[in-house]
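Quick heads-up: structures coming right below.
Okay, so subunit A shows up in both of these, paired with subunit B first and subunit C after.
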Partner chain A sequence: MESLRKDTKGQWIALSGLVLSLIIIGLAALANQAAMAGYHSSNAALEFPKENIRELNLHTRDNAKIIKDLSFEINKTSNESIPDIYTQLFKNYSSQIEKLHAIHGETVDVSLVSINSTNGTYGINDIDIIFVNITYNDGRTHYESKPEVIEVGA
Partner chain B sequence: MNDKAQLHTLEGLAAAVLMTMTVLMITNSTMMVTPQNEMAIDVQLKQMASDALTVIDIVPKSSAQSNNAPILHNLTACVASWDVTEEATYPVNTLDNLEDGLSYLLPNVLYNVDLAYVENGNITQKKVIIKGSPGKSAVVARHFVTLTNQTVSDMNGTWNLDDDELRVVEVRLTAWKV
Partner chain C sequence: MRQLFKNEEGVSTIVEYMLFTLICIGFFSIISINAEDIFINDPNDVVMKDEMTDIGNMMSTMITDMYLIVPPNGNIDTEYRTPVRAGREEYTIDADIAYEDQIIEVISQSSGKKVRVTIGGIATTMPINGTVSSSSTNHMISYDSRR
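Moving on, here comes the complex of A and B:
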């Protein structure tokens, strides 16, 4: 043992051993950070209601056109004006979509703002743009589109 | 006998043990399998389920399809064709044309499909496809379709809607892997 204590050679080798160990420990810490980032990004992707918001938006756009066509059908046998029929049908749609979201704990508000016509009359080819307000909230994510501009022209 | 550099030998041994232990610790750590962990698979499955419904939803009307196409009807037409009096009871499903499309788009995935809609102010939920009991890692994708009397009568469904009525139906796909 006496000879070991007196031997002061090879300090560079001792130092490089220490440096190598520290590098490996640092890399291990970094690798664990990456793992945590992977966990959190997966969790965020699952929790963020991207598809729900997209679906609400697209479905509302589709419905604006369906309601327009249905309004003209109803108008053929009704005394009510097309904007009145459109407003009633849209209200009915809003009420249904709001209830269907409510069962999942999501608050949705879809309301008609205005029906726009190029020349002030409401013929089948005149109504071209519908303005709608869309709000979505699931407690974590809040989305608003005010107004959502929907082209419904032929 | 040459007894020099004994400390070097011990250092070498210690460094080797340290490196081996560190590498073992990293490879054995459960956190290291993140790209294959359960949550990453859930994210993929949820996207696949959502995409499957979207693809079925944008299929052109059945008249434009050839009879050899794997998906013959779009989502609205599938739901419109449903007989409202027939709820699925395992293993009998009541919405075959939707099942054809989903089984083509989601191979090796099990799924249940429910329909939810508002009837006389109340929510009604019906099962139309049952493949089993969802596992704990099941994901849910939702899509909405709107039915009118026209779309229902085109597909010979039994929704019994008035001419001035529209019905929003939520198609809820619960998917899981075993």
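Moving on, here comes the complex of A and C:
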């Protein structure tokens, strides 16, 4: 112990220890500030259900077209009218998409308003515009499209 | 130089004590005079600037995201939460100047600190207005195609 206290060599090592500790303190201060930055902006980008709403819209648009083609196919072997078959198929789609969104904790309502045909008949090339009400609610964001105008013409 | 480092004469223990005491007194008097600025105001300024920029960016993000999905016939509204204080001060989010300048302001009323965030030219096609205080209970952005 005596020799350790009297030994004055190694001053540079002691000094470099001081310098290193100051650098580490500075870095720690900087790191603490960086942790604060950008929480709310990134959280808003994550929490806002932009893609969910957009997907719901796109699905509904796609399915309105698919259901149109499908109801013509079914009409060939059925004696129900095309609008009746369309309404029935759309009801199926609606209940399915509502269940799918309910799994994610979102309330969704997709309902058929009207099937429109410019010349009044409902042949293969006549149905051109479908009106659909879409609502979406995840507790924080409430979206309503009344009506969503979907062009299904060929 | 080598001689200077090896030579340990010339400093008595008492002089060393006095020197250290004087340095310590000087150091602490400077620190205690400026303590408010060094430990509270300067960090507060940094935190406020960071947090207000963050909140401005949040508003900008939400408005841009909403703009991308607004229904042609219908409405959309979204609630959001903001911290009541940025640093130690309450603040106001002001979108009333968005139409002319394409920016949103986050302002602290008590100290006048202000951060401006751009909204990327959205307000020319979709009018944006409104102000809200950070301390109010409900924060909401809403859009209605019929208004």
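Everything that follows uses one rule, which is that the second predicted complex is superposed on the first by the 117 of 154 C-alpha atoms of A that agree within 3 Å, B and C clash if a C-alpha of one lies under 4 Å from a C-alpha of the other, contacts with A are read in each partner's own complex, and residues count from 1 in each chain.
Rule of thumb we're sticking to: a contact is a pair of C-beta atoms (placed from the backbone, for glycine too) under 8 Å apart; a residue touches a chain by one contact, two chains touch by 3 or more.
None of the values given here were measured: they were computed from a predicted structure.
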State whether subunit B or subunit C is in contact with more residues of subunit A in the superposed arrangement. B
Look at A:H142 in the shared chain and tell me whether it touches subunit B only, subunit C only, both, or neither; answer first, second, both or neither. second
Answer with first, second, both or neither: which of subunit B and subunit C does A:L22 touch in the superposed model? neither
Please indicate which partner A:I53 is in contact with in the superposed arrangement: first for subunit B, second for subunit C, both, or neither. second
Give one of first, second, both or neither to describe whether A:A45 is in contact with subunit B, with subunit C, with both, or with none. both
Please work out whether A:Q11 is in contact with subunit B alone, subunit C alone, both, or neither, and reply first, second, both or neither. second
Could you give the residue numbers on subunit A that contact subunit B in one complex and subunit C in the other? 36, 38-39, 43, 45
Can you list the residues on subunit A that touch subunit C in the complex? 8, 11, 33, 36-41, 43-45, 48, 50, 53-54, 57, 134, 140-149
Subunit C residues within the subunit A interface of the complex: 5, 8, 46-47, 50-51, 53-55, 57-62, 65-66, 68-69, 71-80, 82-83
Which stretch or stretches of subunit A touch subunit B in the complex? 3-4, 7, 9-10, 13-14, 17, 20-21, 24-25, 28, 31-32, 34-36, 38-39, 42-43, 45-46, 51-52, 55-56, 59, 62-63, 66-67, 70, 73-74, 78, 85, 89, 92-93, 95-97, 99-100, 103-104
In their complex, what parts of subunit B are in touch with subunit A? 3-8, 11-12, 14-15, 18-19, 22-23, 25-26, 29, 31-32, 34-35, 37, 39-40, 42-43, 46, 50, 116-118, 123, 139, 141-144, 146, 148, 150, 163-168, 170
